[in-house]
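For reference, chains read A, B, C, D, E and F in written order, and residue numbers begin at 1 within each chain.
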Amino acid sequence: MRGKDKATALDLGAPATLEPDMQAYFAKCMEKLGFVPNVLQAYAFDNAKLRAFILMVDDLMLADSGLSKLEREMIAVAVSSVKHCHYCLTSHGSAVRQRAKNPEMGELIAQNYRAADLPPRQKAMLDFAVLLTEAPDKIEEADREELRSLGFTDRDIWDIAAVAAFYNMSNRLAAATDMKPNREYYYQMREQIDAETPIRATAHRMPSPAARSREQSSAKRRRPRAE
Amino acid sequence: MRGKDKATALDLGAPATLEPDMQAYFAKCMEKLGFVPNVLQAYAFDNAKLRAFILMVDDLMLADSGLSKLEREMIAVAVSSVKHCHYCLTSHGSAVRQRAKNPEMGELIAQNYRAADLPPRQKAMLDFAVLLTEAPDKIEEADREELRSLGFTDRDIWDIAAVAAFYNMSNRLAAATDMKPNREYYYQMREQIDAETPIRATAHRMPSPAARSREQSSAKRRRPRAE
Amino acid sequence: MRGKDKATALDLGAPATLEPDMQAYFAKCMEKLGFVPNVLQAYAFDNAKLRAFILMVDDLMLADSGLSKLEREMIAVAVSSVKHCHYCLTSHGSAVRQRAKNPEMGELIAQNYRAADLPPRQKAMLDFAVLLTEAPDKIEEADREELRSLGFTDRDIWDIAAVAAFYNMSNRLAAATDMKPNREYYYQMREQIDAETPIRATAHRMPSPAARSREQSSAKRRRPRAE
Amino acid sequence: MRGKDKATALDLGAPATLEPDMQAYFAKCMEKLGFVPNVLQAYAFDNAKLRAFILMVDDLMLADSGLSKLEREMIAVAVSSVKHCHYCLTSHGSAVRQRAKNPEMGELIAQNYRAADLPPRQKAMLDFAVLLTEAPDKIEEADREELRSLGFTDRDIWDIAAVAAFYNMSNRLAAATDMKPNREYYYQMREQIDAETPIRATAHRMPSPAARSREQSSAKRRRPRAE
Amino acid sequence: MRGKDKATALDLGAPATLEPDMQAYFAKCMEKLGFVPNVLQAYAFDNAKLRAFILMVDDLMLADSGLSKLEREMIAVAVSSVKHCHYCLTSHGSAVRQRAKNPEMGELIAQNYRAADLPPRQKAMLDFAVLLTEAPDKIEEADREELRSLGFTDRDIWDIAAVAAFYNMSNRLAAATDMKPNREYYYQMREQIDAETPIRATAHRMPSPAARSREQSSAKRRRPRAE
Amino acid sequence: MRGKDKATALDLGAPATLEPDMQAYFAKCMEKLGFVPNVLQAYAFDNAKLRAFILMVDDLMLADSGLSKLEREMIAVAVSSVKHCHYCLTSHGSAVRQRAKNPEMGELIAQNYRAADLPPRQKAMLDFAVLLTEAPDKIEEADREELRSLGFTDRDIWDIAAVAAFYNMSNRLAAATDMKPNREYYYQMREQIDAETPIRATAHRMPSPAARSREQSSAKRRRPRAE
């Protein structure tokens, strides 16, 4: 059985001596989170691998984007739910709870986003991310068109795809190495919210009335409905 | 229909003005390959995303590792075969043909690595990469033990996992954006090899006799065999 | 959109006038839990259906059994994880947290029981429950033998099967009706536990030394191991 | 090898002394069927489990419902076909043959209901039951709307869901225990019917002309058709 | 809706004028079976296609082989069960009932051959046929070795593969064209057999004691067993 | 390990003495191809099996049909891609390259036909062939109607089905026997084509303007589109 402080089931040798930028990054984690996420600890045996991972994940999750930071965390969690990734559901589930300021939303997305009462834009975003996870070979132009019809730009589509793709990667690295999440994640943002708080992710920006009417007619066209 | 020079089905705007390190990287591609791979063209709308991608892929595929460069390309191709990624099968299929100096090996891994006559070490490596692709939630300690029993160190296991995970990501980015490979890839290393050339990847290093005998008895124990 | 108090997406008419035994049961729920679980509210349109459901679930989860109550909740949650049942993961996830007195255990089983550090007996129990969920047509005598070899009696096997089968039913009733869990469940047993608490379900009873040694050799025989 | 009279592969000890209501139930089975179904024999080791099972199954299959008894048996059989449940296909296959007075209908539903020439209402009912069996996590409001558009009330939808869910349970209990059907089932209602008998389940009630026109236009809207 | 005499949902034009050998074949069907199987009626629009089909199916199912005719029908039915082929389950289900002189055996193989009490040789034969149907890309040398260890020669393995492969073809032709079986098949060999008749396919030939002991030890080695 | 000249992993004894028509057929292969395809070498242990195979494959791939020979090869390759058949992807991949006079088209269909820029008629043809391969039990009348709406006659539908079904068979015979393709196939039609050659299969016949307008409106109706 592995030692209780090990981030993974692999014995990767002593951590590397962190280079200054990496050292600073770890220090910032300690300052802001109170701990260094285990995925970073896992990568710490090699400065180059650690740096590449940090550059990529920070760009994807924190840089400017047409997707809100909450939406990007929702994608991370919905993707991680498909193949049951313990590490990512725990760490990014906490992130959804915190960014949505809503503990119930975190559970909903981690368990089954289809049970959440999401606006069509976010529902379509997660449908695309999950289809891309389950059957990337079956994605067709019509799937991109669906996103465009709900107001996503082509840059937004790139971002949805890039975030979903990234968690397909990190889910698998976590699974292959039996990566364990920091225990702090389990307890973050678990305070009960007011029963009247709508369980709904705040839309990242107000879609124009035109976009909104497109949304509605698109939803209607999608499947036949009896009145 | 998209313009014939576009790398993807998305309209991501004009390429960014490349920063000097990225400009140098593209120049090196032109010099060594005669073209800039379309995946880099696709990322070129944003210097930060492009740089993170290059740092990660070059570390994974070219840095020091217990896995040979050919073995890492074999993982890329076997993973890409699972969900039929056109971009990666074309570009990394070419890489396997070139690194193995064997056009037939490239086809074999791209079509079904189980039909290739691989040594047990490489067969197990690809079995792990494909299991990780198909059912990451079902990976258990026994799967890591199987790799160790064939002579892989824990650092090697990290590398197998990291490369397999990375192509789960890039397969999906390519699928989501309908990324097209540069046409040059189709034609690289297609010259007929001597009929006596064994269709077999060169083992990256000579396993010790002890490792070799472990291999054989492990293979034997795995499934019952009639004598 | 459904009214905020409705347990399901179906309009099943007014609740029936509860018959005295059912009325008493609801009163007991209010007294012990502070609420009536939504699954019972959903069934309350018909006394006969409600009674049959309560009789079955209480017998399965609370009657005498070779499986502890925690173990039965673990089966409920592991089964519900396979097809992402929001209602059951929320309500029975809470039950695992409470019965294990361990909030982390609840998350682990709900996300992927294979990532939990379970004793072989419980691991095999959940493996059987999940195989039965995913591929019941492929269960063979060898699967029952595996459970017997770890100390389960044939009555225990019946109970594992009956609980796993029951949650295959209630998962689907919840999915078909979009059943929503009571919001209280999200917040139960979320208090941080001591960092030294082992994340491990208490074994329901001490297996005899003989059983324990059988366990170990069985685990060993299951897959080839390096020394 | 198990004794020839055993209902399952498990050794559950001697049958319990049946309590009077259960004894009466078994007597009624003997009188009406000439045998006690093996599923009841299997449960007979415990009066409480037996009673809960009988209460639930009799309510589902025999109580008042907007679904005919034949339609409920069709759901049982279509669900049991998905994962190849020998016990349920044999016993409920016989029930479909008998209730439809049509031996061919029993085979059709047991083999592949899509090959039967069913009215749209029954086709949609079985499509929902099978989708709920295969992918409960992907059920959405549009699936319920489809049933409503074909004239099903919300209570009917509950009943479709409840019957389909129940056979997901009993299929798995049968599989886990290798339950064998009574041999009588194989031979019931095998007499050849007149070649002119339409292979079609009798509709349970006459849908109103309005409902019928909704059906047709819904079917038309469902998929594009060339004229 | 198609005319009641049409073998398929396709309108393939008038049947061709049968050439003499095909005419003779149809006459022989009428004489021996009392009808011409609908699959032949379906092919009758083209003499060349009809002849090729008949030559292949008769060679596979009736020519000399290490597999008995019953065993070949069992493969046909087990394969057809995987993807629920109505035509083949009905027609070849009847063939199993007749060749086994056992109506219950026909149902067992059509529903789930794993529930039949088959000798290890026949169980392995069907396991191979079904694995080949579900995951041909994952067949490995060890699967062929398993068959050899149970006494099958390499020619027998060819025959198992060829029959299983053929029904993967005809299942799909039947599905694509909605082929309907002749109604006579439903009623053939439905007479009740003596309760003492073992539900077991007659072994095609007596395996030598050596083969038998290999069988037993192979079965034992396959999965760990408690004593 | 098998001898280097063996077509399969099976030891099927010496080839039969070929009967005159078969001998002539092999001679013609030598003359036209320069080799006898290994699938024929594999069958050569038995004249009757060899003849039935040749009659069927030649009728399917070379006889008159509403499908061009290239289209039939495209079906063979798209089907073989689903389950990764090394033999068929290699041999029929070469056939697509040659018949399309386009090496890139061969790779595209072998890797993922959805990435090829095919006209709607050919896209629908391959969609049907692949659905028939993956889920034959779910084919419904609407799937045939879709083909008819794109101009396929019922005889064409038979041919699509028959070719797709046939490669479901031969894929499995190749997988079961580990059949190896002749090495010549790897190198055929690998010469670089002009960069301006459209990567597009030549349509087999000019659809009438009416058919073309049906195509477009059908494609539009199929999925909602934003303008």
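As a working rule, a contact is a pair of C-beta atoms (placed from the backbone, for glycine too) under 8 Å apart; a residue touches a chain by one contact, two chains touch by 3 or more.
From a predicted model like this one, the values you see are computed outputs, not experimental measurements.
Trainee: By label order, what chains touch chain D and chain E together?
Mentor: Shared contacts of chain D and chain E: C, F.
Trainee: What are the mutual neighbours of chain A and chain E in this structure?
Mentor: The common neighbours are B, C, D, F.
Trainee: Please tell me whether E-F or B-C has the greater number of C-beta pairs in contact.
Mentor: Pair with the higher count of C-beta contacts: E-F.
Trainee: Could you say what rotation angle superposes chain A on its sequence twin chain D, using C-alpha positions and rounding to the nearest 5°?
Mentor: 120
Trainee: Could you work out how far the Cα centre of chain A sits from that of chain B, in whole Å?
Mentor: One centre to the other, that is 26 Å.
Trainee: Express in whole angstrom the distance between the two chain centres, defined as the mean CA positions of chain B and chain D.
Mentor: 49
Trainee: So, what's the distance in Å between the C-alpha centres of chain E and chain C?
Mentor: 41
Trainee: At least two partner chains per residue is the criterion; list those residues in chain F.
Mentor: Those would be 84-85, 112, 137, 139, 178, 222.
Trainee: Which pairs of chains touch each other in this structure?
Mentor: A-B, A-C, A-D, A-F, B-C, B-E, B-F, C-D, C-E, D-E, D-F, E-F
Trainee: Could you list, by residue number, the parts of chain D that touch chain F in their complex?
Mentor: So the residues of chain D in touch with chain F come to 112, 114, 222-226.
Trainee: Show which residues of chain A lie in contact with chain C when the two form their complex.
Mentor: That would be residues 1, 81, 84-86, 89-90, 103-104, 107-108, 110-112, 115, 117, 178, 180, 183, 186-187, 190-192, 195 of chain A.
Trainee: Which of the residues in chain D end up touching chain A in this complex?
Mentor: 137-140, 142, 145-146, 148-149, 214, 218, 221-222
Trainee: Tell me, which parts of chain D touch chain C in their complex?
Mentor: 9-13, 45, 48-49, 51-53, 55-56, 59, 63, 83-85, 128, 132-133, 135-137, 139, 141, 144, 154-155, 157-158, 160-162, 164-166, 168-173, 175-178
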